[in-house]
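Across the two complexes that follow, chain A remains constant while its partner is chain B and subsequently chain C.
Let's turn to the complex of A and B:
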């Protein structure tokens, strides 16, 4: 047990927590007589400093196989996920600073920072206790963020649903962990893996694995545990939805893949051939297929923009689970690339919604009508995000899908379920293209609604400078990572 | 015939977990749903203690440490849950889950 080592490994979390406390103190001491705008501005600036300090900490902490007796791991995946989560949190914070109308700005920023500390800890966890505590720190913060808009009943309802589903999944996770602890006598992933490799699987172990998978299905919004996602995306404040949809996914998938392959790897079974050994891969494959089918087909029926993004998130969760299946063979590169670029595109799309909502409501898809006249900048950025989500070639979303599908097909070709799952995902991408183009048709082609076209000057959307910078940054990241994917893939 | 304590503890905690799950799924009063979730969490805590006391454990205090942390997490979860229930109550003047149905589609 080396405490200086632990301290160096946890610089990002320390920076974020100190930053959050500092934001609260600053607001309490000097915020009394200031306007809401200036309080939000100060809180966001302080929060951004904390996030940048955390980025530096994550970058400089170096690599280590086992920190503090195996509690944490600092490998390439940890560093990449930490930096990715911090970039997504930075984009969310900046967007919240320029668009949010909040009665408690400092508390909002502080809770975003606490949630981000949970995400970065999830990325480094290598032990069931650290994983559980990190996941709960992130989840509890996200429940509060979902219910942050006290003036809207939808926000409270969304937060309550999110909390009830999330609380139940936490109970499943804890029960599964307790059985794994009992059966293997350890909570360290290495020792669990060594024990599983030396002993035949028991029925109780299958129960434990199923419970852990159910819990992660809830967290990743995979069908059939997706019910909370559309309601939360629709009801929560836009900046909270952006964080829930992007950074939380990235951290959750990283924890998931680390728990499954290094921890429970010997119980994986085999889905690359038709008559493979049974194991948790079969369950993950079922979840993936269900999410792909349900997400894509339910999204076709949506008229609400945010619910559509939620169902598309469920469909993307299906592809991510396919990436988890392939990660045992192809490494974590394809999965990380896919989830990170998905996060950037989603946070950007929610950012565009947030900027539009400053001037007019933006819930229905038809609310986007005539966006090309109201703000060309927003339209251009939105087009890049949506096309990246759909997977159109020069953008990062295409290459993400390509690497994940290629990795899944490499497992055993079409000899087993994994290959056919990839084929199913490729076909459903065509379905997905339809509902993504419906969004773009409203934004690019349809004329503005009658009431707005009479007075196009006042209906112009002014984009705040800082929001414009992060939106253009996100679009640039998608274009550049699409052109040079090896920048990310080379890390692994 | 001597009764082995570990299977008894596991049976009891599984029963507690199922009871909590049924309560969480079947109740319409939000506070009772929250109680069900707490029951499920405590069933898991009981498992940890049982495995720590009677199981083939290598590390001396792992189970107890895990329980202490998870009790703290459950307390935080209850606090957040009650706050959200109050937020819903402010808008719809009751805490029945059937009436929280603004969001659907």
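Let's turn to the complex of A and C:
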């Protein structure tokens, strides 16, 4: 047990927590005499400094297999996820700074920082207790963020729904963890793995694994544990939705892929052939198929933009689960690339919604009508995000799909469920293009509604400079990572 | 053991290059001209960005930027063509590692087949800009999307790596949606655009599934991950018969959707009809060729065993397509639908040539791709731009009330010439193309050739009917005519805006191309035939001979 080692490994979390406390203190001390805007502005700047410090910490912490007696791991996945989460949190914070109308700005920023600390800890956790604590730190913060807009009943509904589902899944997870501890006598992933490899699977172990997978399904918004997603995406403040849809997903996927493969790997079974050994892979494959089908087909029927994004998120969760299946063989590179670029595109799309909502409501897809006249910049960025989500080359979303499908097909060709899922996902991407084009049709083709088009000048959307910078940054990331995916893949 | 075929690429290393320069200074020009081909992609893309930027301020600037861009890429293709030395196999232009983790390379190469289609693309792009000179609505965006589409098409024709090709293929698909949905004819454009893009995208999903599966099977057989066409073809020689048959079906069908193969052709007529003129010209002229090119470049050489298995099916579908689309064209009330279905019918000949899978038939198919690209461009230019934008009707019933041959003599002349070319009249490019296909098809199966020959009669029938009804339906100005049409000037009911210079230049370019190739098909055949002698193509043609 070496505390200096622990400190060095946890610089990002420390930076974020200190930053959060600093934001609160600053606001308590000097905030009373200032306007809401300036308080938010100060909080966001302080928060950004904390995020940048955390990035530096994540960079400089180096690699280590086992920190503090195996509680944490600092490998390539940890570093990549931490940096990815911090970038997503930075984008969310900046967008919140220029778009949010909040009565408690400092608290909002502080809670975003706490959530981010939870995410970075999730990225490094290598022990059941640390994993659970990190997950709960992030989740509790996200429940609050979902309900942050106290003036809107939808926000409260979203928070309650998210909390009830989340609490339930946390209970499942904890119960599963306790069973695993009882069976294997350890909370260390290495020892659990060694124990599982040495002993035949028992029915109790299956129960424990199913419980963990339920929690995983909730976190990834995979069908049939997806029901919270549309309501939360719709009701929560835009910045909160953005964080829930992007950074939370990246951290969750990293946490669970680490639990599942290095931890419960011996119980994985085999889905690369039709009659492979049973194991948790089969369940993940079922979740993946259900998410792909439900997400894509339910998205076709949506008229609300955010619900559409939620169902598209469920469909993407199906591909991510496929990436989890393939991660055992192909490593974490394809999965991380997919989830990170998905997060960037989603956070960007929510950012565009947030900027539009400064001037006019943006709930229905038709609210985007005539966006090309109201703001060419937003239109261009939105087109890049949506086309990336749809998987159109040369944007990053395409290569993400490509590499995940390639990894899944390389497991055993079309001989087993993994390959079939990849083929299913490829064909469903043609279905998905329909609803993504419906969004872009409103933004790029349809003329502004008659009532507003009479006065296009006042109807123009002004994009704040800081929001414009992060939106363009996100679009550039999608283009550049799409053209040069090796930049990310090489890390793993 | 995997057979490496990379020796068949004539890779030009810098030292080779210098030695060759010293030996023969004219080689410098030859190499430079070939190496300039990828700039067709980059120039088009840069032009798209420039047109987008300029379009917000000046429509005039956006148009000229588009024209200069298209002309530059056309000039680049002609430059390469002028110094092209035909040889079997693809001549590598650029070959860089791109995504090392999956063995993906940015590999551009050209042979006589791709060069033929590159020249066609340059020509179609230039003429398309000329025929969209009158667009006034969101000009910058129109030309930006148009040029992105063009750059994707250039990229497909230049790719020698399946992944690279797929990326360019998809880049060419998405702009079509916005071109049609924004600038198409209002009644049907949104439906037609969505239908067209979803069909294309579903086709490309089949291709993607096939490529990924092929790569997985190749890895399972011990090859390293690679999407190079050569490596995939080498690995595919070890595939089982079932795998070859399945993979060929996926990849060929995926590409054939875009080539308008029956029964996946229904996107084509509706899309062509709803699209703005330039987009119709590009769709029929170039984009449908992307599909046929994919079939020829990817599906056939990679999976020759699959080709042999599916050959009769493809031939049957192609012949059904020729007749089915031809008969539908014969009874259309909408002028543009006649041309739309005629495209499907003519592409049936291309697919039939590919299905026959011998050097003559495939050379004819490539020639037909070029020929149809030019002729379809002409026909759509007359129907969409010259006639529709002046009379504001495409209904043959309305048009026959008008003495159009007197009102628009230039359009009438052009349409008659293009119609003759389309029917396969000697002297125009359609004749040598379809004749070569039929001779080749006869070698494989006389029965197919017999049926397909009947298809030419159908083509003659619907073309002659269209000419007669549209332009020569009436010689008198009847009172019905004045009310049926919506005249542009209220004062003089049947006086139309004269044909503009841009339209005349565009028409002249296309007519010159079809006549030139009609009289000297050897120009193109001399490029195409050696390309078919490459080991890859020979494997396909040998595997496919019944």
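One rule holds in what follows: the second predicted complex is superposed on the first by the 492 of 492 C-alpha atoms of A that agree within 3 Å, B and C clash if a C-alpha of one lies under 4 Å from a C-alpha of the other, contacts with A are read in each partner's own complex, and residues count from 1 in each chain.
Keep in mind that, in the parts below, contacts are C-beta pairs under 8 Å (C-beta built on N, C-alpha and C of every residue); 3 or more make two chains touch, one makes a residue touch a chain.
The model shown is predicted, which means the values in this text are computed figures rather than measured ones.
When both complexes are overlaid on chain A, chain B and chain C end up sitting side by side without clashing.
In the superposed model, A:477 lies in contact with neither chain B nor chain C.
With both structures placed on the common chain, the touch criterion links A:136 to chain B but leaves chain C unconnected. In the superposition on chain A, A:234 makes contact with chain B only, while chain C stays out of contact range.
Within the superposed three-chain model, A:414 lies in touch with chain C and out of touch with chain B [touch as defined at top].
In the superposition on chain A, A:123 makes contact with neither chain B nor chain C.
When the two complexes are overlaid on their common chain A, residue A:170 makes contact with chain B while staying clear of chain C.
By the touch criterion stated above, A:307 is placed in contact with chain B alone, chain C being left untouched. Chain B and chain C never share a C-alpha pair closer than 25 Å once the two structures are laid over each other.
Across the superposed pair, chain B and chain C touch chain A at no common residue.
Across the complex, chain A meets chain C through its residues 333, 372, 376, 387, 392-394, 398-399, 402-403, 405-406, 409-410, 412-414, 419, 422-423, 426-427, 429-430, 433-434, 437, 440-441, 444-445, 485-486, 489-490. Per the touch definition, chain C reaches chain A in the complex via residues 56, 98-102, 138, 141, 163, 166-167, 170-171, 174, 177-178, 181-182, 190, 194, 197-198, 201-202, 205, 208-209, 212-213, 215-217, 219-220, 225. If you check the complex, the residues on chain A that touch chain B are 128-129, 132-133, 136, 140, 143-144, 147, 150, 153-154, 156-161, 163-164, 167-168, 170-172, 174-175, 177-179, 181-182, 185-187, 191, 230-231, 234-235, 302-304, 307. For chain B in complex with chain A, the residues that touch the partner chain are 17, 20-21, 24, 30, 33-34, 37, 40-41, 43-45, 47-48, 50-51, 55-59, 62-63, 65-66, 69-70, 73, 76-77, 80-81, 83-85, 87-88, 90-92, 100, 102-105.
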